[in-house]
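For reference, the structure is listed below as structure tokens.
The first chain written gets the first letter, and so on, giving A, B, C, D and E; residue counts start at 1 in each chain.
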Amino acid sequence: MINSAFYLTPDGKLIGQLNVEQITSFLATGKGLLWVDIENATSEDAQFLMDVFRFHPLAVADCVSKNIHPPKIDEFEDHLFIIVHGINYHTESDVVETTELGLFVGKNYVLTSHDVPMGSVASNLQRVQADGRPMRRGVDMLAHDIIDALVDNIMPTIDELDGKCTNIESEVVERPKKETLSSIMQFKRSIMALNRVMSPQRELVNSLARGDYPVISKKARIYYRNIYDHLARIEILTQNLRDLADSALATYLSSVSNRMNEVMKILSLVAAIFLPLALLAGIYGMNFAYMPELQWRYGYFVVWGVMVLVAISLVVFFKKRKWL
Amino acid sequence: MINSAFYLTPDGKLIGQLNVEQITSFLATGKGLLWVDIENATSEDAQFLMDVFRFHPLAVADCVSKNIHPPKIDEFEDHLFIIVHGINYHTESDVVETTELGLFVGKNYVLTSHDVPMGSVASNLQRVQADGRPMRRGVDMLAHDIIDALVDNIMPTIDELDGKCTNIESEVVERPKKETLSSIMQFKRSIMALNRVMSPQRELVNSLARGDYPVISKKARIYYRNIYDHLARIEILTQNLRDLADSALATYLSSVSNRMNEVMKILSLVAAIFLPLALLAGIYGMNFAYMPELQWRYGYFVVWGVMVLVAISLVVFFKKRKWL
Amino acid sequence: MINSAFYLTPDGKLIGQLNVEQITSFLATGKGLLWVDIENATSEDAQFLMDVFRFHPLAVADCVSKNIHPPKIDEFEDHLFIIVHGINYHTESDVVETTELGLFVGKNYVLTSHDVPMGSVASNLQRVQADGRPMRRGVDMLAHDIIDALVDNIMPTIDELDGKCTNIESEVVERPKKETLSSIMQFKRSIMALNRVMSPQRELVNSLARGDYPVISKKARIYYRNIYDHLARIEILTQNLRDLADSALATYLSSVSNRMNEVMKILSLVAAIFLPLALLAGIYGMNFAYMPELQWRYGYFVVWGVMVLVAISLVVFFKKRKWL
Amino acid sequence: MINSAFYLTPDGKLIGQLNVEQITSFLATGKGLLWVDIENATSEDAQFLMDVFRFHPLAVADCVSKNIHPPKIDEFEDHLFIIVHGINYHTESDVVETTELGLFVGKNYVLTSHDVPMGSVASNLQRVQADGRPMRRGVDMLAHDIIDALVDNIMPTIDELDGKCTNIESEVVERPKKETLSSIMQFKRSIMALNRVMSPQRELVNSLARGDYPVISKKARIYYRNIYDHLARIEILTQNLRDLADSALATYLSSVSNRMNEVMKILSLVAAIFLPLALLAGIYGMNFAYMPELQWRYGYFVVWGVMVLVAISLVVFFKKRKWL
Amino acid sequence: MINSAFYLTPDGKLIGQLNVEQITSFLATGKGLLWVDIENATSEDAQFLMDVFRFHPLAVADCVSKNIHPPKIDEFEDHLFIIVHGINYHTESDVVETTELGLFVGKNYVLTSHDVPMGSVASNLQRVQADGRPMRRGVDMLAHDIIDALVDNIMPTIDELDGKCTNIESEVVERPKKETLSSIMQFKRSIMALNRVMSPQRELVNSLARGDYPVISKKARIYYRNIYDHLARIEILTQNLRDLADSALATYLSSVSNRMNEVMKILSLVAAIFLPLALLAGIYGMNFAYMPELQWRYGYFVVWGVMVLVAISLVVFFKKRKWL
């Protein structure tokens, strides 16, 4: 389904809301700049792309399929087909979803294709609508603006994950629960998934910036290099987050051991104090005919005294050995 | 044993069920397209391959041997010998078995050789039988179709492993058993075996897509690149599964510790409550001649009261320290 | 905001405290050597840099932005734009902060830009003020002096981290506390962050030393190679620190287990000694009508003797099995 | 010490049991094919090799020395010096020993040198003795046959290690003992040592197969490539074994925890059942003057009833919480 | 401080104990071979090196500085400056110290500089003194001899570490103590430090052997390749030692768990045997008016019998379940 289509005439006039016929005729002129955005491509759209734009069936199939394809650049005779990935982060479930954007970059057109609405495309469409700005600097800069917006949209997710990490960390230190472990593991998996989405794109953007493709003019390359820098920064940030997750995991596991230690100490203390005292009481509960202490006037009170003494000495002993 | 053999004449007629003499004569014409599929090659077949096709003895030996050989491309003067691997996943035992397909790709023939029946070969044979379709686009595309089907057949296994992983995860969280650990370890090993089978093939398919071999025409390369993308996707999916397995393992091991913690807390609680009370009972079971409390009218009931009080205070204390 | 600006005339005279007009006119001569240092660049400064120096808007944007950008070298027609990182280590919180320095190196000027005051810039400004020394050897050596000072400033941090590590190690061995774990983890994270800041700079400095950029004269390259060596040394030192941190972590975790072991042994010992004795006392506390021992003259003392004997044998037994 | 020496004359006659003079004269003809096998080279042999064959003193020193040298290919003007490694696996002690074979491959001779008798050399010597077969295909194929036999001799070790691994796995699952851990660790070390021996050889054989050395004819290269494939297969098999060892280790460590858990549960159960009952008995063992229950006709039996009731309810409670 | 200086005249006469003037004049002839060894270079020596030999100030600074610099080769117009590392192993403290040797290799001189006396330099000086041997084969072979001796000096350390490892292993298996853990960690750190010192030198020596520098003649390269092989062997040996250390660590940690298990079993056994018996004794210690068993003639002995029976059955039960 064609979501939006704009044409910038060679003399700088912007025409929007193009229909299929207009697209076909403007494309045929080979001049000006055409941007067609397709959302949720159907097999009908596929036919249109193959007939009018003469795109390769495999590239078109990638656009129609709902699967996620690895990021890549396919170079055809007169255009590039680029797949880049963005992310969609679901805060509640802490799941990082990958979104896919297909870009065809030709001499005088850019064609974008995606399955779900994408913020990076929408914001650029709005800016074009306003004054045609992103289209006035040529196809390579238009493609740049879209990819750049896609990459910039990742920063808020990093920030959110950062916040989540702070929560997890304080939870681990203050009151670790059973569920804490699975949050940590889920968080780590999100970070690793994010990393796996982003890191192949660095190489991809680098090859655009390096001048491997003539469609990207020399002037535009430095801008692509700028996207590369953003991706490098994202990689460093995700690595930091992963370090934090690893550290939270180690702290959690250790806190479980520490808690067990504490419980064991209490148990040992209780046993060490009460078992000797119980023995004492048991001894004077024996029924021997001749047990001189039993007849002492203050025997009972002496036993009480001994018991209190033993208990106190044991507590002091434990305190000294730092077991309490 | 020749399983199936087709010949597509230069004028597009399809002849099936070829016998050895027909294969020899059609091959000698150097025209049209011949596809011979050999299952469970015997030494007799080996002789036939060396005599008629003039294949190298080492390549033929790889076909006859029942061992698994690493995936590879051997380039000979006028043909390629390719070994690719598929997988056979046994759900019950969670074992990933590697299957091997040998492909000879010449100017006007494709020869496939395998030890066990392979879905990817069978499906293409059927399509050829129906209307000769996969053979009408040339040797390189025929080889592509077979390898592509082989790689596509891996996706259901990934899905099955994914389902298994979900089962394991819920088992770990809800009711971890002794056997859970070995399922996790077996699952992880399956994933790693799968990864080891697939990852060398990526490089192999890449070299076919890059145009290293003249047998693969320029037009066909983009299709091989497409297989490469599938393999890249499979790699990402298996990495995600491996993350899940690691996370399940950590959760399992931690749950064992947690259970121990719980049991220890019960033990400590029981000891901490009953040992002091037993001491109290022991004290009033002593046989001292002079123990004033014993003569008190309500001494016995006072002791009962004290015992109940101590027990309640201890439970409250434990509750407060979150040990219960 | 222009923090400082110096001009070294072709005949070796040094003029300081330049204003914007002077900078513009000296720059226009294309002779001598100009050093402009900008701190906390505003959008006004950005305009100045783009108008007078003709820097690329993206490079200027990197200077104005308060974000940390990955270290890099951008080559423009007649100048280089270099981003290098230093570190700011906060001892109390054990946090390694990255600071960023942007350098424009042209034919006859060096322009430095940073957000916070940087020791490496300040010390070189002072030396220039004194006798113009760092400026007398050309732009490439001036840039070298600044980057060199930046890298040298990292050594005190390494030393401080080294001291911290020694503290942690002795704490782990002598009296591990709950907080020790989080110090170890924080320390490890600092080391890894430091490593992530420094290691990309090695490659960067290497490319300057290798002669990839004509702005760096052949004579100056060996000096850049010297910075490279410093970075290599820093990398080895941080790796050693990381080993120490890993070893401290393992020791800490093991000490927790050891402590538990010790507590368990005490508990077992107490139970193993007092439970048998209590049984003995319990037996002679039974009220059977006919219990011959009870009537013995020294029965009571015999029991005492037996108890002491049992206790001593158990202690000896435990000592022998090294459980005490 | 010359172990064996054969000469194949240009017209295909085989002469064995050569003495030093014959070797020297046959070598001087520059025709035919000479194979000299030296076992346990002495300094006398060294002199002979340097004088007659004109080998480099360093290469000869490698042959004489009893140390293990890394596998390598040294190219000299008219011959190659190759060091390859085989293994000698001691089943009982599970130790993988490396054996070293030095090969000089010249235009018309192969010279092998080893310290201990090697199966791969012996089997080829036998085949030569029988009908001269391995020598009839040229120096490169003779060298190939020897190296191939060396690599093939590794497969039985892999099989033996595989069997050992199955033993360890069943031991871990059924009845883990203290010694099991050290078997696992020893097994893992054997696998890693094996891997370290084999993996550098892959690159070495690859360089022979790639045609880097003119001594290896184009026809022979595919045979070297075949050895490369064997090494690749061995690498995959050892990686699988390593996975199994890791998994056995995790299972062992977890089984230790599980056993502790079980013991703790028994302890807790015993304490939780008997401590309350003992308290009850203790209460009615007190000597208060006024304890109404003591006078009840069936008090004693009621207490017995209560005790049985409490015990049963606790067991049921534990069963319900799956602690038993 | 000039430690030693030799001059080999073009006609093979050896002159030792040179003073500064002699060095200057012999150097100026550009013929013969000069070896100057400097120990603990002062700033005066630095001046001499810069004035007479015309070395670069940075290279000279590396010699004067007491810091450890990364190993490297700096190529100057007519000489190489090489930094290589040796090690100094302190057995008692198990610390691996790095020592640094700077070598200037020119057309007709070798200049060595080190801070501490080095065995590899001393042994070569002695051999020169004896008959001038190491100097008679040219500068490249002289430099080779010195570096070779440096690398060979590492083997005894490897042997010592190997012995230490064997000690640790037997300690871990037989009687693990608290200190064992820190020995293991220290040992592992030593191994890793050793590895970090040696592995960059492999690449360095490789570049000398590869013929990157014209100062090293083609004939000498095979000798440098020989040093490379030694370094490769050292790397394999250290990796083996690291495996052993990892395995010792795992065994130690597991033995701690095992010991805890054993202690817990004793505790459980004691509790399981004595708590039931104590209950029995407690029951017959109750003071109910009507307890028929108490009046039985042999009640007391029956109870004794029951107790012994219970104890024996429990022990048998525990034996059967392998808990004892």
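Operating definition for what follows: a contact is a pair of C-beta atoms (placed from the backbone, for glycine too) under 8 Å apart; a residue touches a chain by one contact, two chains touch by 3 or more.
Computed from a predicted model, the values in this text were never measured in an experiment.
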Exercise. Moving only between chains that touch, what is the shortest number of steps from chain C to chain D?
Worked result: 2
Seminar exercise, completed: Hop count on the shortest chain-contact route linking chain A and chain D comes to 2
Exercise. Where the CA atoms of chain D average out and where those of chain E average out, how many Å apart are those spots?
Worked result: 25
For this session: Return the distance between the CA-based centres of chain A and chain E, expressed in whole Å.
Result: 41
Exercise. Listing for chain E: what residues touch at least two other chains?
Worked result: 257, 260, 264, 267, 271, 275, 278, 282, 285-287, 291
Exercise. Should the ring be read from chain D with chain E in second place, what is the ordered list of chains?
Worked result: D, E, C, A, B
Exercise. Okay, in this complex, where on chain B does chain A touch?
Worked result: 173, 222-223, 225-226, 229, 232-233, 236, 239-240, 243-244, 247, 250-251, 254, 257-258, 260-261, 264-265, 267-268, 271-272, 275-276, 278-279, 282-283, 285-291, 323
Seminar exercise, completed: As the complex stands, chain C meets chain A at residues 56, 58, 67-70, 72, 74, 175, 178, 181-182, 185-186, 188-189, 192-193, 196, 249, 252-253, 256-257, 259-260, 263-264, 266-267, 270-271, 274-275, 277-278, 281-282, 284-287, 291, 293-300, 303-304, 307
